[in-house]
């Protein structure tokens, strides 16, 4: 694990971005976009999660192995959701 | 005590299923030999202390590995294609099948023929005619299993599942509940009686009850359904003639197929799918109506599927 | 748990190996946590897919006025947590403790808001089976939504509570000077956990609060 | 054990055992605890087999029978098979195989053992106060609404033990990544490590879904409302999806470690480098990953959609391929080897035979059209016992014999070992082969009474079970005997190549007097020369 010390400015920028995204997700929820509402909400949530993981959790400065482990949980969750929904979507 | 080594084969599906079973058995035996013969041969020939040549020739290992990766892969894909094809055919019931409704409860089977007769833990059917079971459970999950027909299907509460077969041999065959359902799961068994068609007709005539649709019609009136859904009703409720088997527009601008499940849900959870142009007025009949009664109502609504709604279009 | 002044535990060859192992261990644990919440997300996906109207109608009864500020609170806590870890890396003891206390306060703030929200839910009769009254259509499926809401947010609140406990321990260790620039893994690892709890909420907020407003 | 050089067994106090963080001692603690659970579950099995001697099942009441198979399933799956090789042999051997002093998190390791036993005691408590009759699968809505008994207590037991297995998996993953000796690259690792790494992935990624699913059941049972309840529009089949998302990969938790043991034993007793190292290694990973997407084959008749069934069927067929690759490679390893028939090798032969049959019958169940008939019959019971008992138990016994000299510093009596291996093999086949026929005839599982025409097969099966019982009892007796009377074991009685054999038996507390450096690929055996392989260089 490298000892990168992240500059304050980076943290502050990320924090501001996160708050903007929070505002955005609430705003979008009040527009009628049909099926896109869910997609937009999830896209923003994923963006927020990625910002937190990359910068606050230092993945960006860590080893490749940590990238794999951070992704593994989400990948396996996707297996569960996709295959189970294959059943419900084709009944 | 009649001893069998293999199960009786008494339906069209059983033939196909057995074909595959024995083909798989042959393939398995072949692979077993492919593994066990060399295994035994090496184990004997190269046992410790024996003077044999143990110098390995230089071979490309990866070629061997790829060979015995690809051959099994092709083999299993072929098996998949075969079984998937067979399964599709096993799933789709032929039209004109004899209809029987099944309700599973701890620990008995309650059956009712579309022609009317009710049975418990017994099912009388004629030889050579496809039979379609529409099944549900009033408590836990059960499974209607007839080994001689090679057919089984879970019977799930809150949902209709179907299963069909065409008997090919006269006789008496076991019905088992195959999904563990509690204390006397092993007593939730019964018999299928496959009869000559003329015997079946005679059996049907014995009780001469009304067909299910007629019983459903009686219920339709006694439960008060006709008060709102009837032609002369003052309350604005959708007419049910010509409904079954059609796509129904919903308030949410979606469409839903008016099948058994839709009708069942509309009786028990009327608020969940409101037909377009109507209000949510209908009370839920949950707790006031049995699974059998719902099935009779469905049979009635099915029987009026070809009538035109009488001038009361919304 | 914290290692005293010695550089590394006996099973490791070096402090660096230990740091690597600790980090990887935490990430593995977080992968587990993703699937732990993932099971409930599976239930939610099923419910949302099967009964979209009922879920949207039910979601409408939750207050963005509670959920929104609470998301902001957790994002702030993540920010102060990141700053706390940075202070630890730089060996700034007072800043570390200060930021940790800020994070703890944000965490407690989240729980307090959540408590008020649960109270409101109770008053408005939205607690399945125990105190549930539904005026609109399709009460059964709305009840399922609230069941999921309580299980998901309850489980999350338990995680927040555990996080606050861990942070308190780290703050005490920091105060006693046990966390230094060379030996700051305790802060770093706890930080990973805290950020994860934040990420869970980042997904829960739109899924639970924001689906019924269009 | 006096007058011996310091080793990990030197300290004798109870406290030194209960508070130990030594991976070797924790392995032994696990061995003792799983033996207890195994014994209870085996008694349950024996009572079931005795009941089934008679078509009317007069020996016990139906509800007792149902409680017996629930107890048998829960204990065997979660408290014997899943911890057997990973937590006993894995704990003992992994750090030594990779040249480490301990696992990465020794305290967590001890915590796992305590969680495991707290869970086990919950389960036993639930049994003592009245029992549970849901089956180990806890299908809804039976488990949530209709079952009587202490379902929640038993679920909590499994839930708590689940965290024990998550922590074990986590520990192994980090240990294998971060604690390897200098020079020990991934492709110099013994295949046992590869298989346990794959197992740990499953433990870590699947167990949490089981935990949350069981929690949802407990909440639904206590609260009276939940997502699996059809009365509210919930779906009992959703439970099956979530349950099998864990429980199918769990089958691989129960077989991958066994494959690892076999991959150690076969090269050693045929004095030959394993054939196709990379293929065997990657097939473990492939099984772990693809194994996550085949769970729906438990649900072909559950009212799952036809299309989902197709997807799960094709994936189930594919997952058979990596297992086949392993079997072919083991067989090829024997070619031009110098094969001896020591007890571990006999178990390995038995494993290959039974696992092959178990695997091939799996193809029957992956073929949807045939599975419709065979599902939930004794065919399935026979199939998974061929994998679980024929595969996992035999490889566990093989591994236990193989590493027994290292663990205890004593040799077991070889002749007795060979006889026991043979008795187990015969007893096993007599017990479970008739069940294939029974299943094809249509005998459903979990039946307390059955039609009289099936009796012949049940009698055969029960007779086999009594032989199998002897096969299990013999090792128990001679292992205990060997602790006092067995020959003292040298450091490397099998002339094996792994690092664990380069340290005294029993090993010192820190495993190695000096950290080994690895410069060779594993399995450096030479069939032409029956001699000790070259010592690895030391730092």
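A, B, C and D label the chains in the order they appear, each numbered from 1.
Rule of thumb we're sticking to: a residue touches a chain if its C-beta (ideal position, glycine included) is under 8 Å from a C-beta of that chain, and two chains touch if they have at least 3 such contacts.
Not measured: the values here are computed from a predicted model.
Distance from chain A peaks, on a Cα-centroid basis, for B. Chain pairs A-D and C-D differ in how many C-beta pairs are in contact, and the one with more is C-D.
In terms of their C-alpha centroids, the spacing between chain B and chain D amounts to 35 Å. For the pair chain B and chain C, the distance between mean C-alpha positions equals 45 Å.
Residue positions of chain D touching 2 or more other chains, listed in rising order: 177, 205, 209, 231, 233, 235, 237-238, 241-242, 306. Residue positions of chain C touching 2 or more other chains: 20, 24, 28, 31-33, 35, 38-39, 42, 46, 50-51, 140-141.
For chain B, residues touching at least two other chains, in rising order: 269, 272.
Taken together, the chains touch in the following pairs: A-C, A-D, B-C, B-D, C-D.
Partner chain C is touched in their complex by these residues of chain A: 1, 3, 5-6, 8, 11, 14-15, 18-19, 22, 25-26, 29-33, 37-38, 41-42, 44-45, 48-49, 52-53, 55-58, 62-63, 65-66, 69-70, 72-74, 76-77, 80-81, 84-85, 88-89. Interface residues of chain D, counted against chain C in their complex, comprise 95, 100-107, 166, 170-171, 173-174, 177-179, 204-209, 211-213, 216, 219, 223-227, 231-235, 238, 241-242, 510, 515.
Only residues 57, 62-63, 66, 133, 135, 137, 139, 141-142, 145-147, 230-231, 233, 235-237, 270-271, 275-276, 279, 301-303, 306, 309-310, 313-314, 317-318, 320-321, 324-325, 327-329, 331-332, 334-341, 349, 352-353, 356-357, 360-361, 363-364, 366-370, 372-373, 375-377, 437, 440-442, 444-453, 455-456, 527-528, 530 of chain D touch chain B when the two sit together in their complex. Those residues of chain D that touch chain A in the complex are listed here as 177, 205, 209, 237-238, 241-242, 245, 292-293, 295-296, 304-308, 311-312.
Partner chain D is touched in their complex by these residues of chain B: 1-7, 16-17, 20-21, 24, 27-28, 31-32, 35-36, 38-39, 42-43, 46-48, 52-56, 61, 64-65, 68-69, 72-73, 76-77, 79-80, 82-84, 86-88, 90-91, 106, 139-141, 143, 145, 147-148, 150-154, 156-159, 161, 174, 176-187, 189, 269, 272, 286.
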